[in-house]
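What follows is a set of notes on a single structure, which appears directly below.
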Amino acid sequence: MSTADIIKRCEALYEDLHFSASREWKAADPGRKVIGYMPVYVPVELIHAAGMLPLGIMGGGDQMEVIHGDAYYQSYICRIPRSTIELGIAKRLDFVDGMLFPSICDVIRNLSGMWKLMFPDTYVRYIDVPQNYKDDIGGLFYQQEMRELLEGLEELSGRKVSDDDLRNSIKVYNENRALIREIYKQRSAEPWKIPTAELYLLARAGMVLPVEEHSDMLREYLEAVAIEDKPKRDNCRVIINGSFCEQPPLNLIKSIEMSGCYIVDDDYIQVNRWLKEDVPTDINPFQALASAFLHHSADTAAKYAETEEDVGKQLLESIRENRAEGVIFAAPSFCDPALLWRPMLADKISEHNVPYISFKYAENSGQMAPIREQAGTFADSIKLWS
Amino acid sequence: MSNQAQTEVIKEPSMIMQKELIASNYDALTSSGETGKKVVSTFVPGNLNELIRCFDLVNNLPEINAINNGMRKKSGGMIMDAEKSGHSEDVCTYVKSDIGMMSQGNIAPNGKPMPRPDVLLLSYTGCYTFMKWFELLRHEYHCPTLMLQVPYQGDGKITRNMVEYVVKQLKEVVIPGLEEVSGVKFDIDRLREMMKRSAQAEDDLVWVLESAKHKPSPIDAYFGAVYYMGPIFTAFRGTQQAVDYYKVLRKEIQARIDKGQGPITPEGEQTDQRYRLVVEGPPNWTSFREFWKLFYDEGAVVVASTYSKVGGLYDQGFRHSPDNPLESLAEYCLGCYTNNNMPQRVDLIEQYMNEYEADGFLTNSIKSCNSFAAGELLMMREIEKRTGKPGAFIETDLVDPRYFSHANVKNRLESYFQMIEQRRGGSKPIAA
Amino acid sequence: MKCFIGIDLGSTTTKAVVMDETGAQLGHGITNSRSNYDTASAVAKQEAFIDTRLTLFRRGLAGVAGLEGKVDELIEGLERNFRLEQFLEQLQDLQDTCLKNGEDLRFAKIRKALAESIDETFVRLREKVHGLYAPGVERKSDFFRDLAGSQYMQLAEAVAEESGLPFDAMLNVYDKSIIEVENRPPAGDMIGKFPRALHRVMTEEGHDFKADEDSVAAPIKTALDVEIEETYVVGTGYGRVRLPFPKEHIRSEILCHGLGAHLMYPNTRTVLDIGGQDTKGIQVDDTGIVVNFQMNDRCAAGCGRYLGYIADEMNLGLHELGPLAMKSTKNVRINSTCTVFAGAELRDRLSLGEKREDIMAGLHRAIILRAMSILSRSGGVEDEFTFTGGVAKNEAAVKELRKLVEENYGERTLNINPNSIYTGALGGAEFARRAVMEAA
């Protein structure tokens, strides 16, 4: 299959807000359950080990009309909870047996309780993650939280999950994460070959497909991309930061690249890259997942930076490793974590003379002209002055 | 306004005490350079005042500074300063007011400069923004920061795991950290003594808040309660001063009940109590008095509020317990209002509507505060459904004067009260 | 006779309704709100009284021999010629005011020429005016400012050129004067003007009245002699707090809208009002009492003003938007109802090659979606459903509303009254009536 064919399939999955692929998976066997989760990260291994399909709910994008969702939110609240409620009310999630709401901000936190009130028949759990990074404090707390989650899932599925089941799931996800990392690495090396819009769609496919199928897809893509050639352009190399929760419209990603920027790293869809190293399979699986979270997980605004030195550390590393020439802070409107974090990150990269621009978007932003203009000017200025 | 300004404001002894207490803490802060006291900054919800006092630290609460700046109409300029320096217009105005205050010399209400904090105690309870707020302060001050993560009651209950996690952080992070900064060794018996006093004051506070069940209500449980909360939610819980304050307050309120009097407001005693309300959400501070007056003018008295529970849901039974102090502190942090999940919040308001025999329910939705605001429209729906009483919804902000539209708020409140009035006499047939 | 008056001070227009003691509506009037609510409410009230007289005339003329089947025609002519009389009167006032303002020291050097030019302009203006009020002529607006202003501009420019005067001076004098005149309600004298108007009608070409002027004049006079007593006035609307009324004479627009909609359609349970600055969802019971309501939040996105902004942006008249949207054949989703961003999104869409009518349809849908969320907050849409406010006149908006309500709440009877703009004032008048009649 060519990359174009693969991307076409991804695009169809991305646009399908009835989640047919996940529905089909569930319908294939009457005992199957689907567990939805919101950004940024949940331990998907647990869902997989319980024989269920983790389904990433990344909002409603720019194609779905929100008819009911606005009745639940004031104008100063971001877009993703509205469209997620819309998905629920419009019965697009009626096949979902459980919903997980990770600790990302107060809006998503409160949405967990709203979901309990609105959909009392669905299993709902708020996923608290540790902000204390010591194994015997935050680690133990998180292990116990995961155990409680697993108990809930076991109850839902009516089947016990063994440590070996968990280890197996960790292995499956280690593979998936390694493939994602590989594609990211290759994009950074030859960004003209892997446009970010394609990479994004590939990663999004992982939100709705069973992980094994997704890994196969990633392998096929890597094979296909190796034998294709695309023209290299004189673009500058930038990193996108702040887009970890509510996702930008695909057009926005395309607009940035069309304006003369190669995106060489980003924080879109984090769940399949959150753990940055393979999770060990030879120790207690809860301990392994907790330890990976504490010591090897991605840095976003939703996490506490233990020391001032930790602030922006990963961003600076990424700038170095990916030879980035600038940073685009692109955060959703009204996104507290990203917008509160941004001035600190901006300070840090300024200390290293890395230029940046900032703008806000919504998942349904319609006008791209200002974005193209800003990104284009940014690219020109980098080319001129560097 | 000029007429009202001339009205002589009635001051009761408790009001003077309250004011002096708050002022004394500012004096302790601004004189820390001379007294050599170390300063800790921490947040109101789930604060560890008893523990802080065990280390002879002075407690600085940035939300209180922002409130002060808001009430003294200084926050608007501070917020704009922070926005000019790169902070988004979308985010919390408490944070921006604090950052703007720093850039303007960090002057306390007593006119003297605030000290740099020696330690930031990030008691991360019920508000996500707290975390980023102190990261921003650390970015400025480069001082030690102690994180106390308080898990959220996602399933509407406090689990063993949560309590153990908080206790462990207290033992292994917070206490050693405060010992190091203060040079004072932790003494658990001192903590117990303080917690005993906390519980005494808490008993009286609950009595005060529940006095609103009387008709007429002797207090306003929103605007008035803001003052009553002051000592116990800030630097005085666990002190004898707080115990004394609540005793005096209780006596005054008892006297009002005996005489059948209403609350004392800036416009005078409120005898007209046509509408008893339950209010959700923090107040607006930049137009606090005008805001209160809108209620006073319409004869609306608030009989219960959720904002007066941000520093603890004492009326639901919690007391600081000297018997197992650390577990008790953990449960305190875990139990604050904004750490409760949405179903719990709805249940609580429903309970207030019934127990306080309220006529209506009002949400003051705060642009800055997603912890409160996200989901308030659903809460209103649920409460309307359960109580059969319509809710009112207004929108303001904490300390950003740009988000307080007097005409708008007045229009909605008037419409709402007129609707309640009309519904009361709703059996009259229409002659048309 | 006892009369009860409701005045609704909206952000763009001020409305008044006059009611008698049985609850029958006698007349209504409307004017632009200007920056002066006192004048606006005086003018609206006067307009409603004029309309009330017309109602009384209609009643009086019903039995006149020789007018069978011609009463409407006569009343139409009477009103039109009354407007002409009124217009001429205001024109005289404007001329006098212009002359007075022309004496300003700034114009000392051209004083005489200016006065002559002003007089000349008004002579020509008067000639034009008669045509404006001829039978069957459609006027773009009935507001004095709109009618006089556009004519003055044209004529004064020509006069200025002929006399070699700077047009600026003519313009300057006018600008100052029109504000003064506009803020002076036209004299209420009906006793003089109606008989003059009657004479004009009876002598106009094209009529075929069998009755003679005298037999018609008698019932007109009788009706004019009826004393109209302002028994009780209730004010409502956003500007109500600015009215010099005691508090008990003021009702919220929510209550007035609910009651007004009930009076128009007694089975109304849900009311949607989309006005210039706000959108309201109101639930009423079977007696017109409001049981719940919600208004748009702080953000006024999706209110009537938004359409005004779009119209400006597209260089169209407000009333042209709906018909344009009705021509749409394709769904275009407009994501931003934010007035600030609407212009940018609009231009972006146009530059992408989207058709104007499709974009317009998308915009109308976006507005109605906002309204749907406010309705939902207020408790949904019950049967019957009454839609009021300026946007209710817009067919594209109504089409979207009908569709969305049906999809989300099932089939509902949708009421839209051609006089829905008077809903709030009507409710106010009824409150005024009850205040007196039910107290008695």
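When the chains are written out, they are named A, B and C in that same order, and each has its own residue count from 1.
Please note the rule applied: contacts are C-beta pairs under 8 Å (C-beta built on N, C-alpha and C of every residue); 3 or more make two chains touch, one makes a residue touch a chain.
Source: prediction; values computed, not measured.
A.B. asks: Return the chain pair with more inter-chain C-beta contacts, choosing between A-B and A-C.
C.D. replies: A-B
A.B. asks: What chain lies closest to the overall centre, CA atoms only?
C.D. replies: Chain B is the most central one.
A.B. asks: Centre-to-centre on C-alpha atoms, which chain is most distant from chain A?
C.D. replies: Following the centroid criterion, the farthest chain would be C.
A.B. asks: Please report how many Å separate the Cα centroid of chain B from that of chain C, as a whole number.
C.D. replies: For chain B versus chain C, the centre distance works out to 48 Å.
A.B. asks: Centroid of chain A to centroid of chain B, CA atoms only: how many Å?
C.D. replies: The mean C-alpha positions of chain A and chain B differ by 36 Å.
A.B. asks: Where the centres are mean C-alpha positions, what is the separation of chain A from chain C, in Å?
C.D. replies: 54
A.B. asks: Would you mind listing the residues of chain C that make contact with two or more other chains?
C.D. replies: 297-298, 377
A.B. asks: Counting only residues that touch at least two other chains, what does the list for chain A look like?
C.D. replies: 71, 74, 76
A.B. asks: Pull out every residue in chain B that's touching 2 or more other chains.
C.D. replies: 365, 367, 377, 395
A.B. asks: Which chain C residues qualify as touching chain B in the complex?
C.D. replies: Those residues of chain C that touch chain B are 23, 238, 241, 251-255, 262-263, 285, 287-295, 297-298, 377, 379, 430, 433-434, 437-438.
A.B. asks: Which part of chain B faces chain C closely enough to touch in the complex?
C.D. replies: Chain B reaches chain C through residues 365, 367, 377, 380-381, 384, 390, 393, 395, 403, 405, 407-408, 410-412, 414-415, 418-419, 422-423, 426, 428-432.
A.B. asks: For the complex, which residues does chain B have touching chain A?
C.D. replies: Those in contact with chain A are residues 85-88, 90-92, 95, 122, 124, 127-129, 131-133, 135-136, 138-139, 142, 145, 147, 149, 151-152, 154-156, 159, 161-162, 164-165, 168-169, 172-173, 341-346, 365, 367, 370-371, 373-378, 382, 395.
A.B. asks: Any idea which chain C residues touch chain A in the complex?
C.D. replies: Residue list for chain C touching chain A: 297-299, 301, 333-336, 341, 344-345, 347-349, 351, 369-370, 372-374, 376-377, 404, 408.
A.B. asks: Touching chain B in the complex: which residues of chain A?
C.D. replies: Chain A residues touching chain B: 71-74, 76-77, 81, 101, 103, 105-107, 109-114, 116-118, 125-128, 130-132, 134, 136-138, 140-141, 144-145, 148, 301-302, 304-308, 311, 331, 333-337, 339-344, 346-347, 360.
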